[in-house]
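Heads up: the structure comes next, in structure tokens.
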Amino acid sequence: MQHSRVTGIGERPALRIVLVACTMVLMVLILVMPLAVVLVEALRRGIGSYAEGISSPDAWDAIRLTVLVAAIAVPLNTVFGLAAAWCLTRYRFAGRAALMALTALPFSVSPVISGLVWVLLFGLQGWFGPWLRAHDVQIIFALPGIVLATVFVTVPFVVRQVIPIMQARGDDEELAALTLGASGWQIFRRITLPRVRWGVLNGVLLCNARAMGEFGAVSVVSGHIRGLTVTMPLHIEILYNDYNLPAAFAMASLLAAMALVTLGVKALLERRQTAGV
Amino acid sequence: MKMRTLGLAILAIGLLGSTVVRAEVTLLNVSYDPTRELYADINKAFAADWKAKTGEAITIRSSHGGSGAQARAVIDGLEADVVTLALQPDIDAIAERAHLLPTDWQSRLPNHSVPYTSTILFVVRKGNPKGIHDWGDLLKPGVQVITPNPKTSGGARWNYLAAWGYALKQPGGTPEKAKAFVRDLFSHVPILDSGARGATITFARRNQGDVLLAWEDDANLAVRELGEGKLEIVAPSMSIQAEPVVALVDQVVAKHGTAKEAAAYLQYLYSPAAQEIDAKHFLRPTDKAVMARYAGQFPTITTFTVDEVFGSWKKVQAEQFGDGGVFDQIYQPVK
Amino acid sequence: MSRANAQRRAARRGVLPGFGLTFGITTTYLTLIVLIPIAGLVLRAAGLGPLGVWQVISAPRALAAFRVSFVIAALATLANMPIGLLLAWTMVRYRFPGRRMLDALVDLPLALPTSVAGVALTALYVDDGWLGGPLAALGLKIAFTPLGIWVALLFVGLPYVVRTVQPVLMELDRRTEEAALTLGARPGQVFARVVLPPLLPALLAGAGLAFARAVGEYGSVIFIAGNRPGVSEIVPLLIVGKLEQYDYAAAAALGATMLLAALLILLALSAVQSRAVRLWMRTVAA
């Protein structure tokens, strides 16, 4: 028996090759091919038409709005995610389980409903609609509504990534720091945050990807006003409905690239981490 | 620091949301999906015309989506100065549910507030391999028909009613026979897209089905943009007159102070200049002179209106498309 | 051990500072962003009265749609569990060309607007598509059938499983595995008894999220489903149909029912999680 060379299961070359091969096949089937379809359709009429598709004034308005919405929604959910993970893993209190369930709830809400809930609240026929109209405050069919719908859909990402890590790590080190006289903020910054940073980063990336790509919920609260409340996914729908498929897919590929570019940042950070520490 | 970011973000939401800076008069036209290119052209022409007449600059913003969804958005507070939608019941709903305009809105503009019309045609594969010439041919064995779901697509309701009206107007036609005809027709529908544009792409790009039921303007656009020489249009002997409607939203223009401009915009839709633009986008102008000039591009079809065949839209909507209505009864999924 | 216990008890009493602040942020945020909107939805549905709600959700077409939505979401999730586990495993344990690309691509289903995903998948699986063609030759029709919904939900749910399992797999202490192997256990046994039990909670949690997401999915499904009532019509599409008739209350009733059902399944799943691990240990030990 040559167990001396084996350092874990799944390390035998044959098994390894089989598993990697399966992974590759699944990756191509499930992930690469849909992306390839997007790129092929986007480049159907050549690179010039691709550039045209993503550089029209309407496209730029959509890109700006999508970046703005993500820039508001992602930090909000990150701050909330850290606070909630700390609160839900470091203390025991009545109602903790209920709060825990609430953090995941938006995942089980259909995108159609995620938009509708805001209409039911702030729409003219909704609970607060008449008051808002009387005070001339526009929430839905304007930026606040789009932000709210996006925040709702992406609430769980950061908190759900951080909670398991905080749970697994336990709080021994934090308590030790406390006995040494550290303040709460110091404990959080020096001990907790470094421990959970990869989880936070993962959560932020997922949150950002979803915030930029959300279609259904935003569609309900946007009002689709050209150049004003049209985000990138909605602009893609508009192009698609104009039978301008190359431009629609060009926009889609750009959106995917923007959402995934953050992964490049992650890869860089990881490399620095392994090289430096 | 994190808290400050949070505070700033909340502040930003508040500021951006509450104020809209108006440098000049802006109108919002809330319309349905296939009119995007049409209104892009009309808005430009109107702005130029308005500038020439009054010396004032005006910006027209437009919003497009499914007709019913757009009506709901206006009901829920999307501040449309004017609405230009695919179905009369959609504007009725705005009047009845949100009271943003009087219920007799249709009598305020010429031709029952219908500036342009359209009709339902067939799109088939090049050479018409299945020999489809009229509604009856759609029921031939092996023919697959693509039409969107009338429960979710306003445009699809015209397709449905066109088929119903054709069957009813055949010699010896009765509502029972019409129902049987439409039931048979839907047994030839393998895919029910949720919107008209989706159905067109399913037919043209995904090569599903033998015949697509489509609005005349949509059919022409599809043949040009998606057909690549592989599609052609067939006009049936008889079809429905699709009547998209337009209206001023009184409450909104009062709030915006845009009554004068909005009224002028709607009047402009009936001007020869705008009617020319309609014709170029394959919508049938209601102006007789303009129609005569473009007669060559519109096949002659006997058309009937909803009111003629069904009494009124209100009746049709409840009887045919309401929950438990005729459509729910007849749609037999292919098992 | 007893020191750790003492500390944990101290934590329970709330020795660590920051409870007030973090609790305040958590409850305020969840109330504003999640609780109030959901309450509004439930209230709107409640306006129908219990009988009215029952009529909406027990209509034959609604029941058929619930069956389609939940059964296919469950089947897609069942497929996503082994696939997600495999992808996470190879990504964490092996170094191979394309690993970083895989790591990036796993998030694609989140980044791509669901409608784009739907259009792309339809183009792929239609009878003359890259994958639909060969499959059609085998007599398998994917696009415009319930199988198409399954494909779309598989795509949409995958990142949830992978991203939940991946961090736990990274944290896994490999010394236990090595010890078991040096003691002569077969790799299959080690996987079942040493590796899987600590992964199982994460795997089930990820599956729960993927399932919850799949049940409500709309954008990607409507393009590929064919949407035939009773066969491939999903609940969210019925909701859109209700809205089209301005029946907000019925739409809210369907939405709230779906939400409730998904929530119950999530809670049940988290309840069985710990039990599942214990049960698993016992089965493999026997």
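Each chain carries a letter (A, B and C) given by its place in the written order, and its residues are counted from 1.
By definition in this document, a residue touches a chain if its C-beta (ideal position, glycine included) is under 8 Å from a C-beta of that chain, and two chains touch if they have at least 3 such contacts.
Just so you know, these numbers come straight off a predicted model, no measurement behind them.
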item: Fewest hops from subunit A to subunit B - one hop per pair of touching chains; value: 1
item: Farthest chain (mean CA position) relative to subunit C; value: B
item: Interface with more contacting C-beta pairs, comparing B-C to A-C; value: A-C
item: Centroid distance [mean C-alpha coordinates] between subunit C and subunit B, Å; value: 38
item: Interchain centroid distance [CA atoms averaged], subunit A/subunit C, Å; value: 15
item: Sites on subunit B at which at least two other chains make contact; value: 75, 97, 201, 205
item: Touching two or more other chains - residues of subunit C; value: 119, 123, 240, 243
item: For subunit A, residues contacting two or more additional chains; value: 79, 125-126, 240
item: In the complex with subunit B, residue positions of subunit A that touch it; value: 72, 75-76, 79, 82, 119, 122-126, 129, 132-133, 136-144, 147, 223-228, 238, 240-245
item: Subunit C - residues contacting subunit B, complex; value: 59, 61, 119, 122-123, 126-128, 143-144, 222-223, 226-231, 237, 240-241, 243-247, 250
item: Residue ranges of subunit B in contact with subunit C within the complex; value: 68-69, 72, 75, 93, 97, 149, 151-152, 154, 190-194, 198, 201-202, 205-208, 321-323, 328, 331, 333-335
item: Parts of subunit C lying in touch with subunit A, wherever the complex brings them together; value: 4, 7-8, 10-12, 14-19, 21-23, 25-27, 29-30, 33-38, 40-41, 44, 83, 86-87, 89-91, 93-94, 96, 98, 100, 102-117, 119-121, 123-124, 130-131, 154-155, 158-159, 163-164, 167-168, 171, 174, 177-178, 181-182, 184, 187, 190-191, 195, 202, 205, 209, 212-213, 215-219, 235-236, 239-240, 243, 248, 251-252, 255, 258-259, 262-263, 266-267
item: Touching residues on subunit A, where the partner in the complex is subunit C; value: 1, 3-4, 6-10, 12, 15-16, 19-20, 22-24, 26-27, 29-35, 37-38, 41, 79-80, 83-84, 86-88, 90-93, 99, 101-113, 116-118, 120-121, 125-127, 148, 151-152, 155-156, 160-161, 164-165, 168, 170-172, 174-175, 178, 183-184, 187-188, 198-199, 202, 205-206, 209-210, 212-216, 232-233, 236-237, 240, 248-249, 252, 255-256, 259-260, 263-264, 267
